[in-house]
Each structure stands twice: as structure tokens, then as C-alpha cells.
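The first chain written gets the first letter, and so on, giving A, B, C and D; residue counts start at 1 in each chain.
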Amino acid sequence: MKKLKHLSFILIAGLLALGLFSPNVYAKGHTVMIGFTGPLSGPAAQYGRDNVNGLEMGIQDINAAGGITVGGKNYKFALKTYDDHIDPTAAVNNARRLRSRDGARFIFNPVFNTIAPMMQINQQKGSEFLMMAYTSAPEVDAMKNPNTIAIPPPFSVYVGSYVKYALEKGWKKCAMVVTLGAYGDGWRKEFESAWIKAGGEIVADQPANYYTETDFSAQLSAALAKKPDFMLIGGPSATTGLVIEQARNLGFKGEFFMVDQAKLNYIAEVNFNNDLTKMNGVTGTARPRDLAEEEVIEPFLKRCLKDYGRSATSENLLNYGAIRILAAAMEKAGTVEDITAIKAAIPEVLPMDAKINLLPFIDLWGSRFILPGTIQKIENGQYTVPTTTFWWTKSDADFKKAVSSIPDIGNTNVNVPLEGYAK
Amino acid sequence: MLKLEQVYTDIGELHIIHNVSLNIQKGEFVTLLGSNGAGKTTLFRTIAGVLKPAFGTVEFNGIAIDKLPVHKIVDLGIVLCPQGRQLFPELSVKKNLVMGAFSLRGQKSKIKKNLDRVYEHFPILKERSNQLAGTFSGGEQQMLAIGRALMSEPSMLLLDEPSMGLAPLIVKQIADVISNINHEMDTTIFLSEQNANMALNITERGYVLESGKCVLEGLCKDLKNDENVKRAYIGA
Amino acid sequence: MELFLQQLFNGIMFGSTYAIVALGLTLVMGILHIPNFAHGHLYMLGGYITYFFITNLGFGYWYSLLLSMVILGFVGVVMERIVFRPLTGQPPINAFIAAIGALIFLESLALVIWGPQGMRIPNPHPQIIKMFGITMEAQRLLVVGGAAVLIVLLHLFLKKTTTGTTIEAVAQNREGAMLTGINVNRVSSMTFFISSATAAVAASFLSPIFILSPAMGAVLGMKAFIIVILGGMGSVPGAILGGYFLGLIEALGGGYISAEYKDVFAFGALILVLSIKPTGLFGKQEG
Amino acid sequence: MFTKPIHTKLLLGFLFIAALFLPLYVPDSYMFQIVITSLLFAIATSSMNLILGYTGQASLAHGAFFGVGAYVVAIMTKAGWSFWIALPVSGLVATGIGFFIGLFAFRTRGHFFAIVTLCFGVILFQVAENWIEVTGGQNGIFGLDSATPIPFPFFGPIEFSSQPAQYYLVLAVLLLTLFVLHRVVYSIFGLTFMAIRNNEELADALGINTFATKMVSFAIANFIAAIAGGIYATILGAVSPSAISIMITFNFLIFLILGGMATLPGAVIGAFMIPIIMEFLQFMENYRMLFFGALLVVVIIWFPMGFFGGLKTINQKIIAWRQSNTSEDSNA
């Protein structure tokens, strides 16, 4: 016992010393350091990993293509990730560490709660960094932080698509069992007002905590008692799959709309073992596959499956695209340090060759990338063609340009300038 | 049978027992006198193995027991019937007794026999065998505690102040039963008491403990006439 | 009416799980006075072990459940031995910290071994049963029935066998139990074994309907802890009734009043009970 | 070792000077950030020490009061109030909520008290998560301005947006907290706290109004916790439900126990040591929490009194050894 005690002391001391003196291999040489802080443990860990995976693949490809050349020097990219388990204090610490120790001027974070405090410090003189925010919460745009880029489209894009689809079907009664929290609340509010404006009716609103709970029969029973035509559900994918399963088991025959956090293909894989017949009548935001041309996207999907054992999510795809765009903008701006110049150079490098960043259409508007919003349904055990693609471009000319940039798969294209985004 | 040599016991930072040596033969009926706080309970707990001596040895039938865990000591045949009784308040009387025979587990007929014998000594326990122990009065609890201690057929019984807080009539009753146990069952008994009157009348030999030290030992008839004992414990 | 019955069934289903998880915890807390906050994480580990046998080794559901019980039982024994036993005699708050350490360890272990992705055990009883106008999955009925059987078995074990009675004896009077020759350490180990094994059963029952993730134990652990206090620490009937009570409050409160504040009802009820009876429903006076 | 009072005074003086000039030699903004948050947590942990360490009541709602403070400051400064008004108000609000909770919770003791306060903590967390109109729900309240500048004649206003300014603000509050706690703990009142910790029935029998005494200790602890939370809000510039979650309580608890309960320096040491160890362990990535969990168990088994408690024991042994040496000397 005594010996064990000494041994464990030495072990602990040794490990601590290792942490103290471990050399910082990345900070030297011509390296562009990309930082990431986000949930890598706890209930949202998978989501954090999905983001990291996209960045990792992007960086591999940039380096495989020989890195970037700025000012005659060749730079390779490197990624440093820290876990913040969605704790704002830890996120700020990580951001400070990434900026001052690892020299990262581009820090990715996929959770609004931790993005907000990071946006408080990303303009401090001498330690500026570009906040790469992977969040569809519109609040980020309202903060008007110049050193921020929000990556995915705001969820308002999808609300319009769902309302249009439901009207076409002639439905009236909607029940909502959406995840608790600001994101879910935003969705509920946005959808409710749009649906009522379109003449529909919300018969039940039973939010539930998708992060901590696994049984939704209480909420579902209450919602189904009102005999809705369709339901708006969703939160993290795996739990959303449970909600579908439990609602079907309670006898619900109608259709589901899912908020954009839940991914059709992920649910099919984890919850239903890829048996799509169990997901008939589920409509969600489009799979990565439908955002780009097949020849471009297929290899990427295969690679995700091979490298990470999971099918690709839009987190993979969009983070991959974002990092490639950043790299191009650095070359364009001729600097790897001046984040203002780099951000300003982004619109100049867009649109990029889809073979490089995978995204056929992407633009930067203020602090957010503009991406089309597309919804897709599973019917007769198969994915159908996405019905409508929603655009929120600045002008008709941009809209036409955007539509022409993507493959024609027989869907409708609509341009809807979003509230708060249109100038 | 039981032999203590230069036993010292500490509780926390306090030194409670100092250099106690004693020797008890098989079949004897011995008392340990001492006032409140003299260390009687600590000494008993040390013998039973609940406390471990800081120094010194405790031997039982030639086996050193001062480092053994309590349950091994019980298996060897020493059972402490503790002060404050330490019953299982939410188990029935019968279950309390059966637990007392834990070291005989598996030997059903023996347990049955012992149970009958305890019921014989304390008929009231039989009457109330399904009642919860926690609902008993003090005297009844004491009987149950003694009964439980007897269930494992100990060769040596340590009785820690069985008369404490009980009415004189009940004390007499208990004293009779204890004497019976010693005579009929040939159980060696070591009894600690503040009530020297009762103890000296039923036992054969005694030790006197003061501030953790053994200050006097001798036959009861001699102790009864000792001036110090008289003054301190009999109150005559 | 149908809705009410449906909610009632949901409440009972969840109450069953709570009851068996809390039952395991109350045994440990009653006997060792250890606030084993890591109990929910043992439950989580039980789910993963079952998953491992079914998915990786291809065992049948019931075999896997049994194996999971035994293995998790031993995990509990090891935990008692290396985490809690060395803390005997220290203030309970230290054991509490150790329990937090243990739960962090277990959750990270699951994360390292199985990764953060949610995992699923194929549902062995996917049939749908309709009765009295309510729909239920067979597996859910199994949870209700299985929990009842387990509770009865445990009750019989505690009340009718000598070994079971030693657990009660140690809980009621540790020193008294020692003096009757009971090996208290062995009883502690055994209690941890039973406690962990029941957690494994609960996890194996539920994981086919739900999703396994490393963080799944935290909420259940907290609830079990609260049920144990609500029912009175160490009280077996308290844990069972408390479990069903909490399940029903959640289902009915969540279904009829407000889903957002579902947990508030549960925790509020506990506060109310404790402010009326400070030692819990079936709690003894502190002594 | 610091076995003589003069040694302790020298050490404290040295620490004080080192703290005053810290911004001059702190290596980078990352280390600085950790120092600032550690100081902040030291304030909250010290106040937890009062209710848990000195009064013996394991309040598991402590993190919730920290969160209440953070929310009150966030809401009030968002509504246009000065930070310097919002901060004391946050303390008063927490004290008020604490009083209400105390009415229920102090009917119970021991484990039961811990659980009742835990429940209240969870309820406050849920309110923060769901009362969207006021708390902003899960997103919380963000984009807060840093503490209102103090107008200062001749030098111009003191601003609190830079790290050094935030550091001095937190340092000043910590020193004030320690001063107040020192006065409380070593007063007659402090003795009644410890009397309750050691034996509540006995304290009752001695004529101490245990309910009122516990309530006072609870109120002071909650007030200080809320102040710490309020400063946290202004430094981070954003408040979300994680500031009021049960994990915050657990963290404080871990800091306190590992630092050394019922000692004033213990709480501060714990609040510094653990976050810094956690940062050093970052290189372990996925295995970090695994290691930390095991570390927690190991440390609590071998240092049940915490770091400072262990130090004290060693110190006492040294003193005893010296005394025995000197007495032998004088004998010779």
C-alpha cells in the first residue's frame, strides 16, 4: 500500500510536469494554426466531434495540396482542439490559450452559449481572433461583431419551406414537440408565427429536453390527443429518432418535420439501422449529399465513412467548406495574421470551384455565410428529391447566379430575403 | 482462557486503557467494577475486537486475537453483549435472535435448540417473538440483547453493564438469568458493572478499574470488605 | 380518459425504472451511509455492457442481461473496495467527492471506449400491444413487469433469507451486527454487488427502447438519489414508493401542466415532503 | 516550514506584493484569464467554506446563488443600470432567495439538508433555463458591457474592459471577502457557527438559536457567492444556464475539499490549484477527465483534510519535533 502511494505520487507529478513542459511543436515554423473549442465530452460530444472531423479533413486536404503560399512563404495548416463541455468559462480559457499559446487566429466553436462570451474577447487589442461560429441562432448576427463568421444558414430558411410544403398538402393542425432551449424556442416561435400567418393552427406545444431525456411519451401522448395532421419535432439527432419511434408506437400516422439540428441520415443509421421504411413520412433539412453535385460529394461521403465510421453530416461538410474558404482568402489577402483583411477577402474568392470546397454556392453576407436551405422527405423507404430550395440572396441577379451554380435536380427554387438579413 | 497482557488502548488522541493485564479461567464468573468513565466499555470493546489495542496482547485459548476482525473473534467463541444493547430496532425479536446465531449459519437444528433455550430463559421474548425490537422497553431490550448474545453458544460472554438504567426488580431478574447461564451452560462470564452490590453478590472474582488502570483484583468476598471498594462502589 | 390512462402507464413505466434504480441505491446508502452519487453511472455502464454482449459478441438478450448483471455487480464490488472503503470514518462529504470522482471516471471511460455517439440495442420485443385504448410496446410492459418481479425477489431475499437479513441488520446497527459475528465488510461488498446488479437490470430493460450514451446516467442518478432521500434513507419501501411516485408526478405534471417545468414538480414535491417530514416518508428519526 | 507567526506574516506579505504586481510578469493573456477566474472562484469557494466548512451545513445550492448573482447583474446592466448598483442588488436578491430556501431547508439536517438545497439549486437552474422572457432561456443574456467605468478626478475614468483592470477588481473583492470572513470566523458569532458544526443538539442546549445562526451564516455565504457571480457576469460578458448549474456547485465543493475545508487559505488554494491542474492536463485530451476522476478519488483518500489540512498536519508534526528537540536540549 505504501509503495502504491509513492508510485501514484510520482505518476501524478510526472504527468503534471509533462503538461507543464511539453514543447509546443505547432507554434513554430510556417504554420497556420486553427483552433477549436467545443463539447468533446458530455451529452453534446458527438456534435462537437462532427465539427472537428470536418475541420480535420479540410486541413488534411489543404496540406496535401501543398498548403498555401502567402508572401512567398509556404504555410501548412494545423488544428488544435480543446474540450469546453459547453462551459463558458472553459471556452474563454480555451480561446485565450488557443490565441496566446497556440497562436490560433481562427477559432471554431459550435455552441451558441460558449460563442457569446468568446465574442466578448475576440476584439481585444493584441489578441484578436476570428470567431468561426457554427450556429444557426440568428442572435449571433444581431451582435454585429466584425470578427465573427457564422457558418450554417439561420434556421429561418427552413421554416418557410416547411410552411409551404404543409400548405400544399392541405394540412391544418400542427403539434410541436421540439427540444427545450433557446435554439428550440427560436424554432418554435418562428414556426408558430409563420404557420398561424399562413392560416394554420398549433394544437399542442409540448417542448421536451432532448439532451437529458429519453422518454417522450408524456409529451407525445398529450400532443397526439389533439389529433394533429403533422408534427414539428427535433433536437439532437439520436433523441429525435426516439421521438419518431415513440410517436409511431403511440399510433401516430401523420408526418414529421424536423428542425435543422436533427439529421435524416444520422437518424436512419443510429436509430433504425438504415431501415428507411421506418422513417416514412419524415421530412428534414437536406442531407449533405443534396447540397452539391454527386461527383464532388460522393468521395467525401465515402471518406467520412472510412475515416470516422459515420456517414457525413452537414457539420462535416460546412466546416470543411469553411476552412477551405479561409485558406483561399488568406492567399488572396496575402496575410495569415490580419483577420480583418482575410475576412474582407472572402467575398472575393467566392464562389469557389466546388471541387475544392464542395459547396456549389456560398456567399458571405455581413457575418454569415449564405447557403441555400433545402428540405427533403423519406417516402416508401427512400429519400425523395428535395422539394424546394430556399435562397436568401441579396438581389434577383444573385439569385439567378446562385440557381445556375447548382445542379438541376428538378426542384423549385425560391428567393426569400430573410428578416434582419435584407438590407 | 482469556488473557490480557499490558494492554493499552487509545481512542483518537485520548489514552483510555493503561497497562491492563488480567486472566480469566474457563467457567469462571468474573466482574469488572469501575465508575462511569473508568474505561470498562473500552476494555470490553478491545477484547471483542471492535477497538484494537495500541500495545499489548489479548489471547483467547492461547490464540492471539488482538489483531483479528470482530467476526473472527465471534467465531472463536467470545461474544460481547454491548452497553446500549445495539439491537436491530426494525427487525423482529426472532430475527434479532437468529442474527445472533450468525456464526452457526447453516446448522438449523442447533439454532433451533439455542432459540428454545433463550426462550426458556426469557419467556417474554417468546411471547413477543414477532414484535419489532425497537418497540421494546429497556428491560426487555436488555433481555433480548443477552438472548442474542447467547444464540451463538459462546464459550465466553462479555456483559457490559446489563443493569444500566433498569428498575431494581428487573435488575434482579436479569442477575438471576446471568447466574443461571454461568452455572447451567458452563459459559464463562465477564461482567462489567457500576452496580457493585449486584455484581459482587453473584460473581466469584473481580477486578477494579480506575481511570483505565487495573487498581485491584481479588475474590468477591474480599472485595466486598475492602474499604476503598465499599466507599466507591457500594456506598456503605 | 384515454390520455389519462396513457400518461398513467408512462408514469408507471418510468416509476418502475426509478424504483429499481433507487432500490439499489437505498441499500447502499442505508448500509454504508455513502452518498453514492455515481450510481447512475453504474447504470450507464450496465447498459453498455449489455450492448457489448449483444452487438459485439452476438449473445441473446437475456443471456446478455444476466452477464451484465454479474459483471456490473463485480464492478460495484471493486468500486466499494477501492473508492469507498478507504474513506470509512471520514466525513460523508468526502465520500461524496469521491463519488463525484468515480462518476467522472466512469463517464470518461465510456466515452473513451465507446465514443460519444448514441448507441442502440435492437429491441427484442418490438410488438405493439393495444389495451383499454392505450398503446404500448411489449418492451415497456416488460419493464413494468420485470421491475415488479425484481422488487418481489429482492424483498423475499431481504426478508426471508439469513444473508438478506444481514444486510438489514448492518444497516440498522453496524456495530451490533459486527458483534453478532457478521463480517461487515463482506456485507458491504455484497450490498454493492446487488445494488450494481439491479442497476444493470434497469439499464438492460430500458436500453432497447432508448439510446445509450456516456452521459445518460447523470440525470437518472440524481433522480435516484432524490428518491432515496424522499423515501427515507435506507428504506426499501420508501425507495419503491418514491420511485413510482416520482414517475407519476413527472408523467402527469409533464403531460398536463407544463413539460418545461416537469422536473420542478418532482424536486418541489421532494422539498415539500422533507419540510413536513425532515427524514423522508419512511425515514427513521436521526440518531 | 512556516512554523512561527512571523513566518506566516512574511509569506502573506510576499504573496500580497506578488499579487499586486502580477500583471507585470504574467506570461500571457491565457494565464491571466485563468488567474482572474481562479480568484473569482476563490471568492465563491471561500463563502461556501463559511456555510459548509465552518457551520457544517452542506449547501448544494451554492452554485445556484453564484448564478443568481450573475443573472441579476446581467439583467440589470442590460436594462441600463450601473454595474455598481447591480452588484450589491444581486447580493441582496440572493440573500432574499436564500432566506426563503432556508425556511424550508433548515428544517432538515445532514444528508437531507444537502439534498433539499440540491433540489432548490436544480429548480433555480430550471427557472433560468425556461423563463425565457427574463433569463433569455438557454441562450442566456449576452453582449454585456464590462463594469461601468468609475470616474476619477485627474486620472480620468477607470475602465474595466482590460484584463489588468478586471484582475484588480477581482483581487480587491477577494481580499475584502477574506477580511470579512476572517472577522466573522474569529468572532463570537464564528464560534457559534463552529459549535453548530460540532454538535447541533449541544449548541441548542447551550441556548444558541441554531436556526437563526445557521440562517445568518447562510445569508452571508449566499451574499458573497452572488457578488462573485455578478463579477463573473461582467467579466465573461455573457450569462447562460451553465452559470447556475449543479456542476458549478460541484466545482466549488471540489475546490473546497481538496484545498482544505474550514481553513481560510484552503478555499483559495483549492480554487487556484484545481483549475490550473485541469489546464495542465489538457494535453491528455480524451483521457483528461478519466485521469481527473481517478485523481479526485486518490487525493480524497490520501488527503482527507485537503491540501492545506495536510500542510497543517505536517507543520504541527514539525513543531512537535522541534519542541521535543529543544526540550531534550535543555535537559542535556
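Heads up, the rule we're going with is that contacts are C-beta pairs under 8 Å (C-beta built on N, C-alpha and C of every residue); 3 or more make two chains touch, one makes a residue touch a chain.
None of the values given here were measured: they were computed from a predicted structure.
Closest chain to the protein centre (all Cα atoms averaged), using per-chain Cα means: C.
Ranked by distance of CA centroids from chain D, the top chain is B. Centroids built from CA atoms put chain C at 41 Å from chain B.
Chain A and chain B have CA centres that are 74 Å apart. Centroid to centroid, with C-alpha atoms defining each point, chain B and chain D lie 51 Å apart. Centre-to-centre spacing of chain A and chain C amounts to 36 Å, using the average Cα coordinate of each chain.
In chain D, 129-130, 286, 288-289, 295 are the positions where the chain touches two or more neighbouring chains simultaneously. In chain A, the residues that touch at least two other chains are 40-41, 180. Along chain C, residues 107-108, 111, 260 each make contact with two or more other chains.
The complete set of chain-chain contacts reads A-C, A-D, B-C, C-D. Remark: chain C residues 35, 82-83, 86-87, 90-94, 96-98, 100-109, 111-112, 222, 225-226, 229, 233, 260-261, 263-264, 267-268, 270-271, 274-275, 278-280, 286 touch chain D in the complex.
The residues of chain D lying in touch with chain C in their complex are 52, 58, 104, 107-112, 114-116, 118-120, 122-123, 126-127, 129-130, 246, 250, 253-254, 257-258, 261, 286-290, 292-297, 300-301, 304. Contact residues on chain C toward chain A in their complex (touch as defined above): 2-3, 6-7, 10-11, 13-14, 107-108, 111, 115-120, 122, 128, 135-137, 206, 209-211, 213-216, 218-219, 250-251, 254-256, 259-260, 262.
Listed in rising order, the residues of chain A touching chain D in the complex are 5, 8, 12, 15-16, 18-20, 22, 40-41, 81-83, 86-89, 92-93, 96-97, 99-101, 112-113, 116-117, 119-121, 124, 126-127, 137, 139, 143, 180-185. Residues 40-43, 45-46, 48-49, 180, 206-208, 212-215, 217-219, 221-222, 225, 238-239, 241-242, 249-251, 270-271, 273, 310 of chain A touch chain C in their complex.
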